[in-house]
Amino acid sequence: MRISARNLLKGKIVEIVKGATTAHVRLDVAGTVVTASITNQAVDELGLVVGAEAYGVVKASDVMIAVD
Amino acid sequence: MRISARNLLKGKIVEIVKGATTAHVRLDVAGTVVTASITNQAVDELGLVVGAEAYGVVKASDVMIAVD
Amino acid sequence: MRISARNLLKGKIVEIVKGATTAHVRLDVAGTVVTASITNQAVDELGLVVGAEAYGVVKASDVMIAVD
Amino acid sequence: MRISARNLLKGKIVEIVKGATTAHVRLDVAGTVVTASITNQAVDELGLVVGAEAYGVVKASDVMIAVD
Amino acid sequence: MRISARNLLKGKIVEIVKGATTAHVRLDVAGTVVTASITNQAVDELGLVVGAEAYGVVKASDVMIAVD
Amino acid sequence: MRISARNLLKGKIVEIVKGATTAHVRLDVAGTVVTASITNQAVDELGLVVGAEAYGVVKASDVMIAVD
């Protein structure tokens, strides 16, 4: 499947914290930690585990720009 | 200003394309291009120019995870 | 590629309107028209054309519920 | 109230799972299950119950397009 | 129609700028200007005009918190 | 840090409810309660407490418009 989302950040899963319904998955992307808040169900269905390779996927309209 | 958004991706602006109301700003973040769709107004107000350092900012609930 | 987004709505593309930077793509999903606002670049890269099969993809945290 | 969101998906609630703060509501929309992640508070305030008719509401800028 | 979105900001429309596909609608909400980026189609369909009363509607998961 | 997000709503924190992974923070913004769903981690890192001044921050593409 190819998707319109413009941003695919390749990394390695470094942490998975499951809550009651919502999980936080953290990826190391070239030294920067990227946090994704997704459903527990998605974690299970994709078989996500610490150490696995994965992508953080972000739609361009969800990216803001900041400057110092 | 400090913000709750979990993801700050430091990079350099490599392209700014302004449309009628919406601009696409592309950052090089450690070799990966990150695209942000923001208002033309924000581009002007922040004084964004190609070559400048900037951050891509993404709320954790806007990050999905994909696997091959 | 498999993705954490919980919602995949299979349909057929019925309209593509390109703006200066942003395109609106409309899918017929079982008789309901679904509108996606994506980048022109994504339209070109995925080779989207009217009549083709495609999916509308939506993260669960982007779905609201309404009642009459 | 009429809203600018372009996507109203009419369906029937098939599951409500409440977490500590966040609930997952699943709708059957013409045979496809649509999952919404909303606040527990909204579930209570709207009086959502399994079997009731409801709409999944999605802003066009939150819809991505994917192809096989 | 009642909606799960937690944030309804009542205001008056002070500006509508239409682009090729995307419009920016600005509301005065108790002295603060709130900007919404919506489709031109929604502007037409809702009959939005400067001076009219309207609500800015935001899902709780789309609100970040910042501190000085 | 200055950010491209068009909407900064200045207010005072009136409630913080932490769930397992996700917190709901409520601000009083000129008499209107604004609810933000953010990570527990962000609440801790920003040192958010009831009574403190804070901003609700919203990207323009996450604001919808509704009319009665």
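Letters A, B, C, D, E and F name the chains as they come in the text, with residue numbers starting at 1 for each one.
Please note the rule applied: contacts are C-beta pairs under 8 Å (C-beta built on N, C-alpha and C of every residue); 3 or more make two chains touch, one makes a residue touch a chain.
Small disclaimer: the values here were computed from a predicted structure and weren't measured.
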{"item": "Minimum number of chain-to-chain contact steps, chain A to chain D", "value": "1"}
{"item": "Chains in simultaneous contact with chain A and chain F", "value": "B, D"}
{"item": "Higher-contact pair (C-beta pairs counted), B-E versus E-F", "value": "E-F"}
{"item": "Fitted rotation between chain C and its twin chain D in degrees, CA, nearest 5", "value": "180"}
{"item": "Whole-Å separation of chain centres (CA-atom averages), chain A against chain C", "value": "21"}
{"item": "Gap in Å, rounded to a whole number, between the CA centres of chain B and chain A", "value": "17"}
{"item": "Centre distance in Å when chain B and chain C are each reduced to the mean of their C-alpha atoms", "value": "22"}
{"item": "Two or more partner chains touched - positions in chain C", "value": "1-6, 19-20, 22, 24, 35-39, 41-42, 46, 55, 57, 59-62, 64-68"}
{"item": "Arrangement of touching chains [line / ring / star / complete / other]", "value": "other"}
{"item": "Pairwise chain contacts under the document criterion", "value": "A-B, A-C, A-D, A-F, B-C, B-E, B-F, C-D, C-E, D-E, D-F, E-F"}
{"item": "Sites on chain A touched by chain C in the complex", "value": "1-6, 36-39, 41-43, 46, 55, 57, 59-61"}
{"item": "Chain A residues touching chain D - in the complex, by the definition given at the top", "value": "1-5, 19-22, 39, 41, 59, 61"}
{"item": "Complex interface listing, chain E residues touching chain B", "value": "17-20, 22-24, 35, 37, 61-62, 64-68"}
{"item": "Contact footprint of chain A on chain B as seen in their complex", "value": "3, 5-10, 24-25, 27, 29-32, 34-38, 42, 46-48, 52-68"}
